[in-house]
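Should a chain be cited, it is by its letter among A, B, C and D, assigned in written order, with residues numbered from 1 in that chain.
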Amino acid sequence: MPTDLDFSVALGSLRLRNPIVAASGCFGYGVEYADVVDLASLGGIAVKGLFLTEREGHPPPRIVETPSGMLNAIGLQGIGVHRFVREKLPELRARRAVVIVNICGTTLDEYVELARILSDQEGVAALELNISCPNIKEGGITFGCSLTGTHAVVSGVRRVTSLPVIPKLTPNVTDVASFARAAEDAGADAVSLVNTFLAMAIDVDSRRPRLSNIVGGLSGPAIRPIAVRMVYECRQAVKLPVIGMGGIASAADVLEFMIAGAAAVQVGTANFVDPFTWTTLLAGLRDYMTRHGIARLAEVTGTLDTSREEQAWISS
Amino acid sequence: MPVDIDAAVMANTRLSDDYNVLALAAPALAAGARPGQFVMIKPSRSTDPLLRRPFSIFQVLRDAGVASGFSILNKRVGTGTGLLYDVEPGARLACLGPLGRPFEPPDTSSEAWMVAGGVGLAPFLTLAEALAARGTKTTLFYGARRESELYFVDEFERLGVTTVLTTEDGSRGIRGLVTGPLDTALRHRRDPEPLSLYVCGPTPMMRAVARLADAHRRPCTVSLEQVMGCGLGGCYSCVVLTRDPGRPPHFVRSCLEGPVFDAGRIVWDALAH
Amino acid sequence: MPTDLDFSVALGSLRLRNPIVAASGCFGYGVEYADVVDLASLGGIAVKGLFLTEREGHPPPRIVETPSGMLNAIGLQGIGVHRFVREKLPELRARRAVVIVNICGTTLDEYVELARILSDQEGVAALELNISCPNIKEGGITFGCSLTGTHAVVSGVRRVTSLPVIPKLTPNVTDVASFARAAEDAGADAVSLVNTFLAMAIDVDSRRPRLSNIVGGLSGPAIRPIAVRMVYECRQAVKLPVIGMGGIASAADVLEFMIAGAAAVQVGTANFVDPFTWTTLLAGLRDYMTRHGIARLAEVTGTLDTSREEQAWISS
Amino acid sequence: MPVDIDAAVMANTRLSDDYNVLALAAPALAAGARPGQFVMIKPSRSTDPLLRRPFSIFQVLRDAGVASGFSILNKRVGTGTGLLYDVEPGARLACLGPLGRPFEPPDTSSEAWMVAGGVGLAPFLTLAEALAARGTKTTLFYGARRESELYFVDEFERLGVTTVLTTEDGSRGIRGLVTGPLDTALRHRRDPEPLSLYVCGPTPMMRAVARLADAHRRPCTVSLEQVMGCGLGGCYSCVVLTRDPGRPPHFVRSCLEGPVFDAGRIVWDALAH
């Protein structure tokens, strides 16, 4: 059994010790988990979406379970970037976490301002631009559902930061690859996808929505097959590294995304089910690499073999 | 520090068609548990149901004095609790805990009144044990729909707890809601005698008790049952609107700052149900 | 208990004895089930998608199970409209089934030709226009993903038939309501949604796709929350009756779609799991109507109560 | 006509870490079953796993001569078969059947040779019973990886079936694949003696046997194991490419036209695995 397995992956200039990143909104600010897991052993932590200012978010109920998935409409409750920098970043730095800050604005200027503030901070590894949260009315997804909006936010942020810029794409569009292309054109270093699918659930006895926000975002294993397809499409459309996510809960799921084209992955909902998921994932990846004689995990990215399908001997 | 244990089901005692007590082998988890804390349990290995469910630690089980596991008092209300009602001994369930802020014991001079509605009894057996150990005079006001749904009354009495029972149909104790005798008792209680209330049950009941406690100026602690996605502060699903000095009402995570709250902090009108 | 419960629903001029319709592609041509269930007791049967000519479809593997869902890439194997009319329609007619024929063309002319052929047949209750199958390269979804394409197919078919015309919408678009509007403008009698979500699954050991077609369509309970949201959006955008589907497996699921705005529903994947699902659904609907004192099921449609959410006392 | 029965698990006999026999109470289903037919079983009430799984009817169980249920020979290969390995007596499983085209018995003058690989044994016990009842001389060629994976040989012998066993590691019978002794036997068989082959097992094995049968001009029936979504002809997932006179190769549904096929109809190169 090889002992020198290499789990590291590169997202442009950013190197992660392994491809498992905690997804934004699914790991708090990271510090909540500091006693439970070794933050430095994760590939990275995408912290909960931050606005310039504090936000209360939506009233409960904020989540509801659905078949193999969950809806959430948290509404980006959060402490705002200033308190984050003061209260959370020092501890994350001390724990040697690779911190990807997920930022969210209601206007283009807010994204730029957030990027400016965070670029001055030690301990921020990258910026993930949340232009895809389905749960808030202003900003966010209005940029993420428009090619020009996506281009504008990415290039606006690009201008003021030398940190890696990673726009996070929404799956609620007809052609996700075109958004990856817009991001690439605007100077992004990578793209991450998918954010949640806009969805809803109804209590049939009261005939009322089961979320206070009426609609929310669907995440979890239920969405994985759609997310894998979208990663595959993006991989073919752009040269940028793609960070894949959506329903990852096992090492096989990580590999599915990587083989489809992801350079790294994020794990969201599965952290709720099991805060130690990432250790199970890493153990499973080690096992896979050993079984298949793979020394460098990064080699797996984008290796989907469709030769047999493409020359299907029966025309269809 | 919470631990995650793949705990074997040691026993499943069905009390009725809806209630059961599940004994789980989890020494490390049980050893650290304090009254009022909870455990996140995964009811199935499948992805449907997906999330864990929160349960109060009902009993800490001991083997020759050493914590060997814990039990939960489970009420079947849906998919997850239904699976936990059906589960057979030998099966394993992932249990993460202990979690949450425990009950604060009252001042040594104070009496403790526990007020439980239905499955809201769950957090009080461990509290009663702790109070008995420190010699606190304790009363349990306990209401259910009918006699057959009043459980473990003997266990509380064995710990020296005075019990005041109510049933909605009058089949045992006082007919009506638990707030009836509680109100009477509060009225008869002389002012200088210190007293702390602890409440767990349906939201309307907790709200009513909180109002009574406020009217009688008695400290009151509630154990809330918000929907919880993770139990660790990661998801922000479990929030409760609270009033704290010097700032407008704001949401706090009940898995971290609760489930036990000072009743006066809660903005009751904002609570669902 | 009221004995005169009214389960019937109206889709424009088409009246169904109950709102449960078997979804296209999930009940064969209906005749396969003739020995197992009483075809006349179903609200209707949307038969497997028909082209003008016979098609072999894709090689296996054609389905793969995913969390609470399944992918399919059948590739519309089928006997073509002529054999359908000759070999299947007479039996369906004899069994008094309400037959909704799902038609699929590679060109606008093919849709029109199919509609013309079927309009001459006795025993066809409505035409469902499949402009949303994600599994074939030509036609279908290229119309369904374009507003002008949708408009063209619907108005083309409208011109040659007096049968109710029901375009079936794809969920793989940014704004499904705009497609419902295009269908309404073009003279549709109702819209049905959702068809499946484009998705994929990979065998990580062989690094090959798990479907011969590489991608397929996701259906089943996993997608239900997204489908309900889309029905809700369409209901608000158009006056047309909406036929809702996606993951229905219980009476509560039927009611969720109806409360969100569906006049009728279709049941697909659940038929595979249990060919008697529709009887369970009808029993559950009866129970619900009895408990809630509802005499006419159709009254439930579009009754989602969002009054409390809209005046949420805390701004979010 | 197939029926759907919520069948109680009467017994679960685990034969090894991978194989078990599940006895299910389903009189109406069992009464109509014929050798080679299958049943669609839902392994869980959850939506994950979602679909039913197809299983050959291994035995028809009888109570005082009356069909009371059936058993399946289950091999754990994934989620669904894993759940069916673990299931406890008393649990209920939705079973839809009997489904599919049964085996055609050979001409009365003909001998029958059954060729089974691994869990491919499943459809042959009921066939052997039927053949014994009509006095057909029957041989079972049965291959597995090792001795411990050869099951129910005694039952076949009790029915008068001659058994030829192979194991890949030589721990019992002839070392190697089952096609070895089959080939030898076919060579030694004199031409005029009529003979019908019945095959079930991994696809490469079935393909190899089909080729041997073709080379020796013996009629050969295979029982295919395609992935099946519904078992009733509704989904078109289970197709097999077949060659039929007068038309190009085309897909037919193996749940309706199979699972039992004349080996000569199958376009083997198009079959997965």
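FYI, a residue touches a chain if its C-beta (ideal position, glycine included) is under 8 Å from a C-beta of that chain, and two chains touch if they have at least 3 such contacts.
In this text, all values refer to a predicted model and were calculated from it rather than measured experimentally.
Steps from chain B to chain D, minimised over paths through touching chains, total 1. Set side by side, the interfaces A-B and B-C show unequal numbers of C-beta pairs in contact, with more at A-B. The chain with its C-alpha centre at the largest distance from the centre of chain C is B.
Look at where the CA atoms of chain A average out and do the same for chain C: the two points lie 33 Å apart. Taking the mean of the C-alpha atoms as each chain's centre, chain C and chain D sit 36 Å apart. If you average the Cα atoms of chain B and of chain C, the two centres end up 47 Å apart. In chain A, the residues that touch at least two other chains are 56-57, 59, 67-69, 220-222, 314. Multi-chain contact residues of chain B (touching two or more other chains): 47-49, 241, 270. If each chain is drawn as a node and touching chains are joined, the picture has every node linked to every other.
Interface residues of chain A, counted against chain B in their complex, comprise 25-28, 32-33, 35-36, 48, 56-57, 59-65, 67-70, 72, 74, 77, 220-222, 249, 269, 271-276.
Residues of chain B touching chain A in their complex: 1-2, 4, 42, 47-52, 94, 96, 226-227, 229-230, 232-241, 250-251, 256, 270, 272. Here chain C touches chain A in the complex through residues 56-59, 66-69, 71, 75, 145, 172-174, 197-202, 204-209, 212-215, 218, 220-226, 228-229, 232, 247, 252, 255-256, 259-260, 288, 292, 300, 303-306, 308-309, 312, 314, 316, going by the rule given at the top. Listed in rising order, the residues of chain C touching chain B in the complex are 67-68, 221, 313-314. Within the complex, the chain B residues that touch chain D are 44, 46-49, 88.
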